[in-house]
Every structure is written in structure tokens, then in C-alpha cells.
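Structures given as C-alpha cells follow.
Paired with chain B in one complex and with chain C in the other, chain A is shared by the two complexes that follow.
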Partner chain A sequence: MLVEWTFGLLVVVVLVVLSRGRPVRKLVLAALRYSGDCPKHVAVIMDGNRRWARRKSMAFRDGHRRGGNTMVEFLTWCRDADISTITVYAFSIENFKRPKGEVDYIMDLAIQNVEDMLQPWSAVHKERIRVRFWGEMDMVPKTLRVLAAKLTCVTSKYEGASLNICFAYTSRVEIAQAIAAVTNAISDGIVPDEVNEELLAEFLESGTCRGGLKSDGWPDVLIRTSGETRLSDFLLWQSAFSHLAFLRVMWPDFNAFHYSRVVLSYRRAKADMDKRAARYQEYMRRKHTSQALPHETKEALYNIRHMYANNLATTAAGSC
Partner chain B sequence: TVPFLLIRQAEMGFVLQSSFTRSRRPRVCCCERFSPNQVEENSVQLPGHVALIPDGNGRWAEKRGLSRTEGHSAGSRTLEKVVNSCMRLEIPQVTVFVCSTENMNRPPREVSVLMELISEVVQILEKKPLVRFKWIGSSVHIPEVLRKRLDTTTKMTSRVNNPHEYVLQLTMAIDYGGRAEIADTARRLAVDVRDGKLAAEAVDEQTFDEYLRSESVSDPDLIIRTGGQKRVSNFLLWQSAYSEIYFSDTLWPDFDEEQVAEAFRWYGTRKRTYGLVK
Partner chain C sequence: MSLYRLRGLVLGAVFLFVWTVDWLLRCLDGLKQWLDQLIFDYKRSTVNGCLVESLHVAIICEDLEPKNGSSELGVETLARVCCWCSEEGAKLITLYDGSGGLAELSGAISDSVKRQTASEHVKIEVCNWKAKLPKDSSNMITTSVRIITPDFGRGALVNYTRALAGNGSLSKGKISFQDVVKTLDEDPLQILLETEPDLLLLFAESRTLGAFPPWQIRLTQIKHFRSLAEMTRSKLRYALMKALTSEKRFGR
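Right after this comes the complex of A and B.
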């Protein structure tokens, strides 16, 4: 009887898994999730659409279309992979210099994709993904701008994953605008000596990826498909310490198996970074132990602690 | 005996390999190896500006049972060798990431040894002809002595001139952070705006570029990072927007001329499009 019940359970499980589709992908991503750390914030440069189309003897337009489909499909399994934030590089300001026909087609494709995302059955609504658009949206046709604003608005309260689409984006322009905002604020009282990294990070448009609904943090890993090993002006400030994963697969062919390789390399890099961080923390801990202090200071500290223990000035105690 | 199969970790995933053919040579990996079809037969393009991130001194020393400081001295010797090979190939500009602001938090003994090594290297470079020296960095954590020496070397070598038109511009990034550099340049812009020398509306990408270039280095064509880590680690963030990044698993003291040549050969196969159509 036990054998029959187990067999029945197995059949049910198999049917459930098969009916949901993509069982192998689910298994792979589940294995990734339960075997160790997964990167929480993933940045992707979706490169290689045209080369993929050329290899398959298709038109470039079809390559871009398939690339858009791959991105949407990525959204469907990003939660299985335990990713909480995705930042994608959809279109660069430099790409505006490409032939007009191609640029117009990409704009139309973007409009179609955003319209699809606005539909209630899309992955964005099913997975409760909050979508934001970063970049110079002024350079983009009005239809797309309106749709993007609508999508941002509709999904602004979603608490699932977070998707940041960098459209008409260049990291240098973003940093320059943050600096322009800071210098404009000089007349409102910002002192030049206060201008430091933290202040600039707050003024960055994507500095909100550190605050907002959830604190997403800087990207853990930056993936670039198609084999190029450059950053191409994407998240220069934010990716200063993130693991760079350069894949030779073209973006339309990107799937969960490639992502699992990225996660494995990220884990190896993280082990090394954690070792360094542990070494640094050990040094700081040893630096701060009281053995290093001279005797008079230790005595004074003891007296202060004794005094504060009577709750004379608990608010000013600080870390003493 | 039957050769058994090993599962070895490669930089992306795993590789099945027979135990007898396991290669002991440190592997070069930057998004896996390119196929021979992609190697262009015609001219090998050399980069105009090379940036080096010499990582791996500590691990090299630990592997050999030496102290970390000995690893750093081996690293400084390798730096001379690499600079020499760059001069032989007539690369106009080389920037080296010697020491970051995060590194200055290491034990003070290691830091002071590092500072001594830097001053030794700088003394050697002073005597070399055809080297123009410059240093970038925040200079907050550097001892006064070293700062004076760096400034004198910069002044002395700034007049280096070569009738055959080749001079190596060598820049060392000491106590450097990319974000801090951008913030410092922003601070200089803010000071100029406050003093009225610059209109607040005129602050944009080009203005920032000019201010940055006047104090710092230009855009590197190739960034070489040794030591196996695949990160940029806050080095030349603004300038590295379009530079090719080459990662090597070799630790820095083992990085010899052959590997430098391999890096340049790899650079020659790259197609740089800067976001446009080829």
C-alpha cells in the first residue's frame, strides 16, 4: 500500500511539474537556489541580437524582436532564480547614431513590448514586478515616453521583483546630471566641501536603487552576452565592485543554463571577496580591542562607562 | 593504469579533463578562449593606453610560504619588467593601480612596507630615460615623505623629451578610488561655480570631461587585471566606459612578458564599435 501511495504521489508531482511547463529549468533553478548564495541584483547588457540574426540568416529586425522576447522570458523565471532586482541595458544614447531605420524599428519594438507589459496577463503583473525607466527619456518618441510613464505608475507599488530598464541611457550622462544637480544646488546651500561620494550617489537617478521600496543595493553581478568584454558606459559608478560575467552566447539564446554558469562563477568570486572582507574585519577588530590603548585612556573609559551605567546620559553614550 | 577523468572548475562552470593531460600552466581566461576563426591575420593593433590592476601579490606569497610583504616586493619587480616590455613595444601611456583607498585599511606594517616599495620603484623610474611620471590619487592616507618624493619625481620627469617622439607616460594610482576621483572633480566644479568662474548651466558631460582630464588620465584602451578576480574594483570608472577588459588568472608576480604579449594579441582581435554599427 505504501508503494502505491508513493507511486501515486510521484505521478501527481510529475504531472504538476509538467503541466506548469519547463520542468528542467525549474529543477536547475531550484538546485541553484538551495545550493548556496544567489546574486540579488543582476545587471544585464543584452548584446548580440544582430550577430545572432546574421548567424541564423534572419533580418536584424527579427534578432531584435527575439531579443525582446528573451528579456520578457527572463522576467518569468527571475523569481525562481531568487533575483530581486534586474537592471537591463535596452538602448544607449550612442545607439541613436545607428541607421534611422534600425532606430525607428527598435522604438516601435519597445512600444510594443511596453504595451504587452501593460496587459494584465503579462509577466510583469503576474510576478508583481516593479518597472522603472532610467535614461534620457526626452530623447525618445512621445508615445513611448507616455507608455513608459504609465507602466512605471501602474507597477510602482508592486513588491515582487524590481526591473530597471535603461533606455536612452549612458552612465556618463547620468553621473554628469547628478553633478549638475549638485552644482545647481550650490545656490541653495550645499557647501562644496560637502560634495563627496555619498552625496553624489544620492543624486544619481539610479541612486534610488539603494533606497525606495526595498534597498536593492549596487549590482552583485553584471552580465554581458555576445562575448564583448567592455562596459560600454553602463552603470560605471554602480558596478565598481560587482562581479563581471562575460558570456559568449548571444542574447536571444540566453537561458537559465547560462545563468547558472554565471551564478557559479559569482560564488567563486564571492568566496574570495568574503575572505578579503573577513581579513579586513579581523584587522579592524584587532585594531579596536582595548589592548592597544594606553593605560590612562583605559581608566578614563572605565570611569565613563561606570558613570553612564547609572543612566546619567544614555543618549550621549554612543559606542563607549 | 586507466587515466581517470577529473571534473575541474573552469572559470565558468566545469571542465572534464583526463588526469594525464591536466595542464599546470596558469590559464588565461576572459570570457573563455576565442576560436582561431576570430583571430584577424592582419595587423595586430596595439593599445594606446594600458591600465594595469596588479592583483595577487598576497596569494602568490601565501602559496610559496612567504610573507605578504615579500609578495609585494616581487610584485614591484614584475612591475618594472612589465613597464620595460611596454616601452619596448612603444606603448605611449601606462597606468598602474598600485594602491586603493580600501587597501590603506590593511595592517600598518603592510602599508608602510607598501609605501617603501613605492618609493623604491619611483626612484628606479626616475633614473630611466624616456619615462614621464605622474601620480593620481587622493593623497590623504599617504605619508608626507612619500608624497614629497612623488611630487619631485613628477616635476623632474615632466621635462623628459625624446627627439624620436616616443616617451612613456607612466601614471601610478596611489590611494586612489574611482568614485572618490569623480567626487573630487565634482567638488572642483562646485567650487568654480560658487566662485563664479563657471556658470551652473554649463556643467555637463563635456565640462566634467575637461576638468577630469586636466588632473587625471585619459581613457584606457585596455585594462588588464591579473589575479583571477573579475571586477573593476573602483579603478578609472569614468574613463573605462569603452575600454576592453582582459582578465588573467595568473597572479601578478608571475605575469611575465609572454602574458603581456598574449594580452596585446587578444586586444588586437577585438572590434571596438563604441555603440555604433561596425
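Right after this comes the complex of A and C.
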């Protein structure tokens, strides 16, 4: 009996160790797809780079660099995990308060990463990932702004998966921008004077006015690494019915096995999440007449989206 | 055996392995939490709520009705949790549920709270939105328990958009996002939470916010319990301690 248990435990340990390798990762992700629903839209707060570096007695720069590598690695296996949209919180507006040296390094690292993504051999092109940047890109260096716009334009026709990178972003600014945009659009007579949740959502970064897809609006899962249990001004509107997964692992150590645990916890919670979402919708239907957008509003939104795409192409210096 | 069936068997076995390891790790997580709680209780670390001038605790409570369909037990437990929060120093407790059902039970919650308020120095007022916060008098810890509905969440932001746009009451013509932030911070319509909750206790099967007011949960610590029955006084103290001592690192 003891021999059997020991052998069983050894097999478990060997497989867990081996799961760091690619073939076993593919097998684990295939097993997840085979066994039930997987989240389609995953949002991630990539937290813990500096603490990871401190634990390994490395400089914080190494932590950020390793964090960037982990994100790129995530892109290579996201399709195996049946993920069609990833939204990552790369840099908050509040992070500008960090020491200048660190902020400058992060900007340089971001420029390097975006340049790498523009290369034809990068995961973005191999996996046909459509990349968008959410946030106040006016606050970042011009080089990064232009490169980000270029990457968005170059990948705009890709249909493999979507990657939304929240850079110089906070959800409050996003919501305030949306409210200001709707207000100004109504004042200009572009949009009819009927405001509801759906109209406001269209003007968020995840909304169609900003080039978003329907799938961008509602993350199925919101993952935060490093053990913190708060949202830190990330997707406050969009995560209303997302399954929140707070993991103790630091972001540079995040891998497919941690993700598989998130999927299992998502499946356990899904029935209750759907029930609560239905009860909320029922309450809103009882209290308000209609949440659907009228036809003329949809046309106006289409025009606004077109204008936004033109502005982006201009920023990318006409390279699309 | 066909290749298809073999593939199914292999994937099924791998899934079972992953599920088992996840189950073992969840047991270990539970054990760790229990040990942390035990150490915390042993050290008798008490959270003095008065260290934070206006401690605000938010409670999301879905499904007060357990399987037998009666909400009485749920109301009693919820009232008890409110009393504990008050005794730990909470000045404001916000109750929320995504179906608006709590607002209909405000009378029952208020009665239950009055029955359970143990200390003479704790006065709890239960009211729907929006009465003024009660003022301190002498050594009375006065706590306001407010019940909000989904209308005070995203609905409030929609109302502000209506007020700022066109012929709305706050209309100023063209505005920037800074104007919007300023307006929401001032809250002239008084439909937003006064302060950001320090701690959000989520009592539901799923760890989902259920459209809780989004504007005010930027830095709120979130603690999840699968049901109200799991809650104890020491768990509340531990959650408060974690919330008040967590490091805020430049917006993260």
C-alpha cells in the first residue's frame, strides 16, 4: 500500500515538474478544452514583477523584463487554451508616480516589446492576434505612441485572437472619457438624446466606437497575480459579472498550470454567475423601459468608429 | 480501440489529474487560511477601527434565502455581521445585491439589528438611500447601514451622463473628462457612495461583483465567502486587518 502511494505521488510530482515543458502544457490545455467550457475573454492584472525580482535578489528591471516575457509566452498558448480575447493591465496612470528611472525603463521596455511584436516572426503575427492599446496614449513618449498605433493598424484585420493592452490606463479615466464623449456627442447632435448603459458602454475603450469588438466588453475571468485582492482601477465597469481569480503566484511565474486552476474555479462559479447576471438584467428590465439602442444611434456610432480609425491611422503616420 | 476514443481517454485522464491536483492545492489553501486565522487569533491582534477615521465596509449579499426558502435566518445573520462591523469601528456599512431584494427587507434588517446590538455605545441606523450620515455624540459609535440597489451602480453614472448632456440639470455644453471626474467627486445629485469602501465582503457562491457601483471600488479590498453562515467575528477582524494593512503601491 505504501509502495503504491509513494509511486503514485512520484508520478504526480514528475508530471507537475514536466508540466513546465511545452508538450505537457499542450496536453493539459487540450484536456481543459475537451472537458468543458473555457473562458473566452481573460483579463489579467500582471502584478508582482518587482516583488518577484526582490525574492530572487535581482534588480527590478529584471522583474519587469521577465514579466514582459511571461506575457509574450502567454500569447503563444492562449489559442491552445481557447482564449479569443486577452486584456492586460500593463501600466496604470498611477504608476507614473513611481521613481523616474523606473518609469523611463518601463517605457523603454514597452517600446522594445512593441517593436518585437511588429516583427514578422513574433507571436502576434504567427497567431494572427489583433492588438489594441487602451489608455491615455498622449501621456506616453511619442515613439511608443506611434509604434502602438502602427501595431494596431497592422494587426487590425487579424482574426485569430484579440490582445488589448491597457497602457497609461485607469478605469475611472476611461469611464469619465466615455461620459464626456457621450455628452459632447449629444451636444453636437451626432447622437440622439437617449442615454442608457449600452450607449455609455459603446464609448468605453472596449466599445465599438473605439474600435472594440463585442467580445471586448465582458471579461469572463479577471485574474490578478501576486496575492492582492483588489481591482486597482482596472475594468471597473466591464468586470461587473466577471469571475475574479486572485492568485498568490507572482506574474513572472504564471504559467498554463495556474491558468488551468483558474478555469476550474471559473467552471465551479459559472452557474451562479449566470444566475446573478440574469437577476440583474431582470431588475433593469423591470425598472427601465428598454436598453436597446435605436437604429439612428447605431448609425451614429458607426460614423464615430470610422473617425476614430482614421485618427489612429494618422497617428501611425499613414503606414497602414 | 479507435484513435478518437483513445484520444478521449487520454484527455480525460489528464483532466482528472489536473482536477485532482487542483483539489489538493485547494485543500492546502484552505489549511493555510485556517492556520493564518489561528495564528491571528492566538496573537489576539485586534483591529481598532478608530485608527481609520471613517471605516467603510461594503457587503454584497446575494441570495439571503437558503434552500428552505426562508429569508429570516439570512436576515439575522446579515444583521449580526453589521453589528460586528459596527463594533469594530465601521461608521458606514453599505449593503448591496444585484436583484434589488435587500431594499425590500430593510425593515426586517433594521429590526434584527436593533435586537442584536449588544453594546450601549453602538447605535445603528438602517436606511435606504440616502439619509445624511449620523453625527458622533460623546462616546457613541454611530454607524449608518445603507442599502443600495443596482440603480446606484452603473445606473448612477448613466444618470450623471443624462444630467450633463443636452438639457440636463448639470449641463455646461462641451466638457472634458476632468470636468466629469470633478462632478462625480462632488456628487451634486447625491447618488454615488460618499466614500470608497475599505473592505468589500462578498457573500455569494461566485466571486463576482454583480454590478456593484463601479466608480468607488478602485482600491477596495475584496474578501469572498461562499455563504453568510461561514462568517465569524474573528474572520471579520482578520479581513479588516488585512484590508487596513495592505500596501498600496502607486496605483497597484
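Note that in this section the second predicted complex is superposed on the first by the 237 of 320 C-alpha atoms of A that agree within 3 Å, B and C clash if a C-alpha of one lies under 4 Å from a C-alpha of the other, contacts with A are read in each partner's own complex, and residues count from 1 in each chain.
Operating definition for what follows: a residue touches a chain if its C-beta (ideal position, glycine included) is under 8 Å from a C-beta of that chain, and two chains touch if they have at least 3 such contacts.
Remember, predicted model here, so these are calculated numbers, not experimental data.
Student: Please determine, from the superposition on chain A, whether chain B and chain C clash or fit.
Tutor: clash
Student: Give one of first, second, both or neither to describe whether A:S35 is in contact with chain B, with chain C, with both, or with none.
Tutor: second
Student: Does chain B (first) or chain C (second) touch A:I190, or do both, or does neither?
Tutor: first
Student: Of the partners chain B and chain C, which touch A:L200 in the superposed model: first, second, both, neither?
Tutor: both
Student: For A:L27, decide between first (touching chain B), second (touching chain C), both and neither.
Tutor: second
Student: Which holds for A:L247: it touches chain B only (first), chain C only (second), both, or neither?
Tutor: So A:L247 only meets chain B here.
Student: Please work out whether A:W121 is in contact with chain B alone, chain C alone, both, or neither, and reply first, second, both or neither.
Tutor: Neither chain B nor chain C is touched by A:W121.
Student: Mind working out whether A:D233 is in touch with chain B, chain C, both or neither, as first, second, both or neither?
Tutor: In the superposition, A:D233 contacts both chain B and chain C.
Student: Using the superposition on A, tell me which residues of chain A are in contact with chain B and, in the other complex, with chain C.
Tutor: Residues 92, 94-95, 97-98, 171-173, 175-176, 179-180, 182-184, 186-187, 193, 195-197, 200, 228-233, 236-237, 239-246, 260-261, 264, 269, 272-273, 280, 283-284, which sit in both footprints.
Student: Please name which positions on chain A make contact with chain C in the complex.
Tutor: These residues of chain A touch chain C: 12, 15-16, 27-28, 30-32, 34-35, 45, 47, 92-95, 97-98, 170-173, 175-177, 179-180, 182-184, 186-187, 193, 195-197, 200, 228-233, 236-237, 239-246, 257, 260-261, 264, 269-273, 276-277, 279-280, 282-284, 287.
Student: In their shared complex, at which residues does chain C touch chain A?
Tutor: So the residues of chain C touching chain A come out as 8, 10-12, 14-15, 17-22, 25, 62, 98-100, 149-151, 153-155, 157-158, 160-162, 164-166, 173-181, 184, 204-212, 214-215, 217-224, 246, 250-252.
Student: Using the touch definition from the top, list the residues of chain A that touch chain B in their complex.
Tutor: For this pair, the touching residues of chain A are 92, 94-95, 97-99, 102, 171-173, 175-176, 179-180, 182-184, 186-187, 190, 192-193, 195-197, 199-201, 227-233, 236-237, 239-248, 260-262, 264-265, 268-269, 272-273, 280, 283-284.
Student: For the complex, give me every residue of chain B touching chain A.
Tutor: 9, 11-13, 30-32, 34, 102, 105-107, 177-180, 182-183, 186-187, 189-191, 193-194, 200, 203-205, 208, 228-234, 237-238, 240-247, 270, 272, 274-277
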